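As written, the chain order gives the labels A, B, C and D, with residue 1 at the start of each chain.
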Amino acid sequence: MEVINQGTERLFMDPDPDKIRAFFHGKSRKMTRKEMDLKDAVATFVHDGDYLCIGGFGANRTPVAACHEIVRQEKKHMGLAGHTATHDMQILSAGEVYDHIDVAYVVGLEARGLSTCSRKYLESGKVQVTEWTNYSLALRLKAAAMGVSFLPTRNMMGTDTFNHSAAKTIKCPFTEKKMVLLPALSPDVSIIHVHEADIYGNCRFKGISVADIELANASKRVIITTERLISTEEIKRDPSLTKIPFHLVDAVCEVPGGAYPGTMAYKYFSDEDHLKEWLIVEKDTEKFKQFLERNIFECSNHEEYIALNGGISKMRSLRAKELLLHKEK
Amino acid sequence: MEVINQGTERLFMDPDPDKIRAFFHGKSRKMTRKEMDLKDAVATFVHDGDYLCIGGFGANRTPVAACHEIVRQEKKHMGLAGHTATHDMQILSAGEVYDHIDVAYVVGLEARGLSTCSRKYLESGKVQVTEWTNYSLALRLKAAAMGVSFLPTRNMMGTDTFNHSAAKTIKCPFTEKKMVLLPALSPDVSIIHVHEADIYGNCRFKGISVADIELANASKRVIITTERLISTEEIKRDPSLTKIPFHLVDAVCEVPGGAYPGTMAYKYFSDEDHLKEWLIVEKDTEKFKQFLERNIFECSNHEEYIALNGGISKMRSLRAKELLLHKEK
Amino acid sequence: MTRYNAMELMITLAARELENGATVGVGTGAPCAAAMLAQKTTSPDLVILFEAGGFSPELPEMPISVGDSRTIYKAVMADSMANAMEYCARGFVDYTFLGGAQIDMYGNLNSTVIGDYVHPKVRLPGSGGANDFASFCWKTMVMTPQDSRRFVEKLDFRTTPGWLEGGNSREKSGLPLGTGPHKIITDMAVMDFEPESKRMRIISVSPGYDLEDVEKNCSFELLKLDKIQETIPPSDTELRILREEVDPYQYVIGR
Amino acid sequence: MTRYNAMELMITLAARELENGATVGVGTGAPCAAAMLAQKTTSPDLVILFEAGGFSPELPEMPISVGDSRTIYKAVMADSMANAMEYCARGFVDYTFLGGAQIDMYGNLNSTVIGDYVHPKVRLPGSGGANDFASFCWKTMVMTPQDSRRFVEKLDFRTTPGWLEGGNSREKSGLPLGTGPHKIITDMAVMDFEPESKRMRIISVSPGYDLEDVEKNCSFELLKLDKIQETIPPSDTELRILREEVDPYQYVIGR
């Protein structure tokens, strides 16, 4: 198959579908209890050097609690899918958890501005980078989920984004048109925050799915953090609502407010004051160190982190904001 | 791009994504009223020679009413996606509506047996055939939905199913493994039956989606038949439940019982007696002709067809069967 | 007169192949009955997948269609056909059961045409999901009556891949590594495939039949395991559960 | 002192480009404000798509993230990122608005690094969805302040495709046919691209500025339309709706 053009950066994960199949061949399909403490889930399923992908979109339905726990447990040398990575990346950069990254969207927190911490870490030379796009990373996950080694697309062409990727351009044998082929990406571990899950890992969430369904299907191991546990009877009452089935999941952790200070659709809006605090305090290395001590290392779990930043009354006000109560006449 | 091997049958539809894009470029995106009588929808959007794809799976959530209407309007020389085509194909074969077909599953009605009418028509030499598989046809629709000319897969290899397809085998430039490439399929028109839709074409359905989401996205024109119309306010109350958005849809037709004599999950089970009647009467050409006169040509719509075969009391008993009331203590 | 009919025997033997905690992609009829029997006997944690999208239902009765409502009754998920097939493509599905009008010595199957392709004697359904399941699932099993018109020297059409031309031809074809035909279950015998040649091999014969019966009802030469066992017939418990709980209306076992 | 600031001008001009019944893929900030203003003025049937999956919402206020809850408020569908991008890939989306740290004479954009790629002076977010939108949507528009450090001779990194090297180079690249940069809207001018060379061309200049201002604030030579118009400034109605209904908290126009 003649390759017309190809990116020159490193491909961090092997796209060979037979190797990915071999892993899934050995993965248990039994519907067994998987609920556990987030601390144990991260200790058991997240290893130094693993390639990690975080679910959600930026600071929306993002498993922030899990990102804190990964930093608390001082995981190192991980690979990261910088897939609309915003506040999650800011946290993982603070812990210097990863040293190679597939970039789609990084460093920024969208309209909120750039994260000094993420920026400095990427500029430090400690991190190996390969460039992609938001859709391209979603497609790479989809390829792994489909059990193939690549998927074709028509973006990235003619740009340095392509030149600094690990994609390849070929000619379609049906149309003679150029297509970019993206290699499959099967993360070692992914973490996804959902609204509801049962103890076996059957999950529901509302609102946009972003790339979480592709991610759950593509990942070798999946940790679920959920706003609340629900009964399997409720899951089976309406199987049309299930987004992630149990056999993909390795751990289910009940973490109310697990996406705080990000947004959880229909539950709570983002805590913009606290996110701004992050963006400001980052600029002062010493202050940031103390901030991290207080907000991550000295908290034993997310409940303490939320309590530290306003607790129940803060969550109530964020819920009111999410529900637009301030707009009601 | 070196082709190692390829199927020898005809590719009925052009997979060129720029031609498909050009069509969608001209399609209205306005949220305008689209509810109309099924008769008008078929007259307006289904043309002789069009390539047609029917939604649902066999006799499950299949737009049977629309198939009857197509036969009543004596459409001819159509292409057909024989995608788990069972009772729908039986009806369209009775009308000799199509003369070329992409085959995945045809002729049979699953556990119910083979349709003499479908079989005889395919054996008559009047129909040009290309072979695929259930998943392959779903992937061909997905390719069109993704705006690319092909998708890779690892089935069909080493078989006559491949030899009598229009697929091509290449080597993956990342892994050197063989992959089968399936050409995109963008039907001229598709018809999908759903539980609920608003007048603009925003649709909901429950249970398995089969390939209907890929189909709705891949098709140049989409006709929706719905068990009932609902308000747009209800659609917007929970956008997570929407399966097909308005801009894909050309016509919305309210047809209660539109999948009868097939199954509509949560609403009514299949009428096995009537489906058996079809399978038996088919065997006698003269009787079948009268049967079609009575059940299709002399009915002005699906309501009359249902009335002819038991009407409301029949639908009530099928609802009871669907809800497994016969199993309640 | 035996305590069971041919279909009851095949379903029971098939059910015994499905170990607890495995995943199986099934169609309607006998395969579904075998999976249900396995769940109610040795393998309560067997995960059943239907190609149309039904994932792990509590089947209240025998489905008529692989897409009907029974396949999502108390299921954990109602999914799409593509996703269901992609569980298989990714290596998540251990077993599948297939049938066909013809089977050859390498376990390749024909469900497309009898006779010439262009002018067929009989046009059959085609692949449906059979080619997909046989390509993607780890182990393919076939349940079919032992009959020399079914067990043929050469298929009229190779719809679904078995071991192709035998040896390492399947591996070379590009199909996922480690997949292929596992067991062939008939009313007269159970067969597997000799590891090197990948040719069909008799491993056990059903009570009431002998090797000669099996060979008489097969158009190609069958290999034989050194020690061919007598098939252990269905137990009273297996038959009771099959008849009372799995298929009380005899949709499948009645035939 | 004008009745409006630079941001209000650019948003108003951008909104006027969006005809009724068109589809637009937007991000947060100015692009979103422009789409909202268009809906409240000339284009009530404008369909807004967010890359994260929000489809045609009734935006109650300015979203902070393209994935936050506001993007699905009274939306017709909450979808996936892949599906949202595939609407674009299939040719369903007419317009998109992009920005960037650098833009060149062919409308190519840089949002990846300032300085050398391996040892960057500043590491920026990268493509995000920009490369996707610019590859797939029919017409790409850019809103950015007129500044010679932004309008550069050569990009440090070509993140997002414009007309590439001009002429028919975009067509030859393999990108979907008929797509490309459409309008560049700055505080000082509106530019399009000369049809043959695909080089940036001034078509109108904002009140209070002249050609020289525009050229002084651009590091490459700009082509000029024969008859360069004066940009029609925001009307009182446009400003009122923008200030009172679109961005009352001045998230965007306050800057």
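The rule is short, and it goes like this: a residue touches a chain if its C-beta (ideal position, glycine included) is under 8 Å from a C-beta of that chain, and two chains touch if they have at least 3 such contacts.
This is a predicted model, so every value here is computed, not measured.
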Co-neighbours of subunit D and subunit B - touch as defined: A
Farthest chain (mean CA position) relative to subunit B: D
Euclidean distance of C-alpha centroids - subunit B vs subunit C, Å: 28
Rounded Å distance between subunit A and subunit B, as computed from the means of their C-alpha atoms: 37
Distance from the mean Cα position of subunit D to that of subunit C, given in whole angstrom: 58
In subunit C, residues with contacts to at least two other chains: 72, 78-79, 89, 136, 176
Residues within subunit B bordering two or more other chains: 17-18, 146-148, 153-154, 177, 179, 206-207, 239-240
Arrangement of touching chains [line / ring / star / complete / other]: other
Inter-chain touch pairs (all): A-B, A-C, A-D, B-C, B-D
Subunit C residues touching subunit A - in the complex, by the definition given at the top: 20-23, 45, 47, 55-58, 72, 74-79, 83, 86, 88-92, 94, 136, 138, 176-178
Of all residues in subunit B, those that touch subunit C in their complex: 56-60, 82, 84, 86, 103-108, 110-112, 114, 119, 122-123, 125, 131-136, 138-139, 142, 153-161, 164, 169, 177-180, 206-211, 213-214, 263, 265-266, 269-270, 272, 322, 324, 327
Partner subunit D, residues of subunit B touching it in the complex: 17-18, 20-25, 27-31, 144-148, 200, 202, 217, 232, 235-236, 239-240, 242, 245-247
Touching residues (chain side subunit C, partner subunit B) in the complex: 27-29, 51-54, 60-61, 64-69, 71-73, 78-82, 85, 89, 108, 112, 117, 119-120, 122-132, 135-136, 157-161, 164, 169-170, 173-176, 251
Interfacial residue positions of subunit B with respect to subunit A in the complex: 1-3, 11, 15-18, 146-154, 168, 170-175, 177, 179, 181, 183, 206-207, 238-240
